[in-house]
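Read through the structures below before going on.
The following pair of complexes shares a single chain, chain A, combined with chain B in the former and chain C in the latter.
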Partner chain A sequence: MATDDFPPPRDMRCPFDPPPELLRRQREAPVSKMRIWDGSEAWVVTRYQDGRKVLGDERFSADPKHAGFPEKNVAYANTLGKDRNIRAIDNPEHDIMKRMMVRDFTVKRVDEIRPYIQKLVDEQIDEMLAHGPPMDIIPGLAVTLPTMVICELLGVPYAEREFFGGRAKAALAAPTAEQALAAGQELNEFIDRIIELKLRTPANDMISRLVHEQMVPGHLARSEVISLSRLMLVAGHDTTAGMIGLSILALLQHPEALAEVRASTDPAFIRNAVDELFRYLGTTHAGRRRVAIAEVEVGGQVIRPNEGVIVLNNVMDRDESVFADAAKLDLHRPNTRANVAFGFGIHQCPGQLLARAELQIVHATLWKRMPTLRLAVPLEQLHFFEGGSNYEVSELPLAW
Partner chain B sequence: MPIIVYIEPDGTTHNIEVPVGWSVMEGAKGAAVRGIDADCGGNCACGTCHVYVDAKWTEQLPRGDDMEAAILESTSDVQPTSRLSCQIKVTEQLDGLTVRVPLVVR
Partner chain C sequence: MCAKKLQVAVDTARCASSGNCADLEPLVFSQDDRTGVVILLQAEPDPALREAVERAAMLCPAQAIKVTIAD
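Now for the complex of A and B:
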């Protein structure tokens, strides 16, 4: 692999750090071109201030309809990249559409669902204890928790989780267009059936509200409800599942930090610790994708119309000019909330309150109930996956 | 570039250059203005970017919508000059806009 191929390889001696080549570019060539999966080139932005400038500037579009848009992979290009929803449209349409669904992700709604999240975490831990060591927590706690939570929020039957879980992975990371298209289409049909159900029997969930408050009065087309629901379903469990697995592994590799989390009964400390884990791990490693629609100077480089831009928020969160000793996991870091793990600007993740709540409850509970938790295999035997838009550990066998 | 003035409850004042098009909240984040937490990232979903806009500026801002009003209702110490700073977009005309951060015990 040439050094200008994106993404470059990681140094797996520390699997939590961004690739060394990207950190080098942050030091020496903060805005530079790299070649992506389809052979095209895109500008890669690595410094914190430059990245925020791009993400906050309407001259950089999130819309794949513009020539030169650097889509993440062949799967995205054929599934989510074709959807006209909040992920991939600009203002003014973006804000109008986001308003239609954000009430299901407010702090009030997340606070309503916290007891349910706590119950699920406790049940998953009960299952682990009943199973006995060793146990891979990825299919259990890491995947089950966010899947059940997003099903509850959206109104998707949890019993269908194996169906949509597999299709979601394929829609984001299948190696061929045909496989991604097929999976994406199956997901569309699945959600279409749920829309029919909600038309007949509405419930207290996001899809019911989209159907009855937006689709029925004509504010949204059925296809838009499908694509928005599909996006929330896919984004609402895959990213959080990856973060749960990787954050558990990260704490196991940082025993002093883990001891603090295990002992702490201070919700403010747990909140800061979780925010720091988001900064440190930067699991959405494929970057925020944009295309210039005007000529703009960024970091000393002139970016021209129809040139693709990849804003690497995970590398931005290792910018030493903002985060002192950025490579260190510091659960007391006072400015960790300045991190851009959830993006920046209008496209910032609407589910971040929910994601943080899930991680807070996992880490406030797991280590106290299972204080002797440890890796059941050497770190070197673990496999990591970064084919989609998240970096994650594929399996995490634990003992206690 | 417009300068937005953020005043913390203890009087600490930050004069921050904020690019046109950014929200007042985004100008505060990264500059570590205490009290503007922006838990939801600017999605008008949490109320933790609540500010009091200095009276001489309130009429110059576009009105907030129902969603902002609903979120503000659930925050503490709402005043007639209360706004969610994530919903105020910076323009050249807002150079010098002054906002005060409410005292909130969390």
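Now for the complex of A and C:
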């Protein structure tokens, strides 16, 4: 019964495509049950319109407190899944908390941060050029850029990156509850110390604002500030790092598309190209997790209360009825912004504008400053990490 | 032939502060600096912006934007 186990294997001859079994289900059994890590069953939703319906419908809850909620793994079940913050609460509570923390992710704020992102990208490229080939771009540009950006935005000291980076990975993907809990607790204590610092010395950052505008007047408890900050820290750098690495590899494997990106000075084209890379790569491949709190029909199937639902946004973004020739990377695709790489509904990623800005600046800069950039090893030698909530290439040695 | 009127309405109670609309069509949509909630800059924008505002409405994750075409 291997084909009923979620997630089914990918075909590594096509490392950018979702698992063939999920694409088969999209054609033949678009809403169907699969078995997850803890032995329970959940409905897997694969078509674009069905997925949007679930994610926009209040009869599906994002709250893991409900029986039947399909957690991603044992680590999530013991860390982020236990938190009471925007990720795991429904409306009306969700919007109240979201409006307390979102000001560092608005269009205006992201535009203010763009020059800082540009400076960081240029510095990372300077380092590559000074180092000389070959060089693995994952620990360099791919991880360093989003880590420095989220540190600046939250007010977390970048010098502590080894500490929180390791704990963040364990909190999301450790194989046992004990390891995940320990890492999660260490992160909580780390953020608690930062809160103490911001109480005394506020700065222009998200944690300072949460402390002085929400915690001190009593709108948020200290534990809520800790949990929100921990969520932003762990979700805020790993996902973007993975996307930077995989998108660089994808362009290297599509020379015609790469030539257009390298030659383009049109910001609108770069925006569209980045949106298409998000659609095509579907790195958030563990799906959006929900549980039904009422009986709802989706795609011809009746989903009952306390039945788990996994909305596969990466498979939705390969739906031929929305994206013609969906398996093709087409940087000019007119409707590619309709992709659901960041989810849909009230829980759509609050950092999406920031992540887009980082990817836009990387691709508008990297290929022009390093026009001969190429893979330093054959594609077959690369390792891909599939085990977490994010799909990524583990190392990417480049030459130029 | 008379030009059709483009009418836009936003539901600030539903708005989930995603910023998609302000990113997609900054002539029509903005955001409150503190809460990220949508601010409608023009309720009857130039009909030439129809495609852009319809796209913003379609992509709004909270489905908080309504576009109507009137005579």
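List of remarks:
Criterion: the second predicted complex is superposed on the first by the 399 of 400 C-alpha atoms of A that agree within 3 Å, B and C clash if a C-alpha of one lies under 4 Å from a C-alpha of the other, contacts with A are read in each partner's own complex, and residues count from 1 in each chain.
Operating definition for what follows: a contact is a pair of C-beta atoms (placed from the backbone, for glycine too) under 8 Å apart; a residue touches a chain by one contact, two chains touch by 3 or more.
Keep in mind that what you see is a predicted model, and the values were worked out from it rather than measured.
After alignment on the shared chain A, the placement of chain B and chain C results in a clash.
By the document's definition of touching, of the two partners only chain B reaches A:322; chain C does not.
In the superposition on chain A, A:107 makes contact with both chain B and chain C. Of the two partners chain B and chain C, more chain A residues are in touch with B.
Once the two complexes are laid over each other on the shared chain, residue contacts for A:337 go to chain B and to chain C alike.
In the superposition on chain A, contact of A:6 is made with neither chain B nor chain C.
Of the two partner chains, chain B and chain C are each touched by A:352.
By the touch criterion stated above, A:60 is placed in contact with neither chain B nor chain C. Residue overlap on chain A between the chain B contacts of one complex and the chain C contacts of the other covers 56, 98-99, 102-103, 105-108, 337-338, 343-346, 348, 350, 352-353. Touching chain A in their complex are the following residues of chain B: 19, 21-22, 26, 29-30, 32, 37, 39-48, 65, 67, 71, 74, 106.
Interface residues of chain C facing chain A in the complex, by the touch rule stated above, are 15-19, 22-24, 26, 31, 33-37, 55, 58-59, 61-63. Looking at the complex, you find that chain A touches chain C at residues 55-56, 94-95, 98-99, 102-103, 105-108, 337-338, 343-346, 348, 350, 352-353.
Within the complex formed with chain B, the chain A residues making contact are 48, 52-53, 56-58, 98-99, 102-103, 105-108, 268, 322, 334-335, 337-338, 342-346, 348-350, 352-353, 356.
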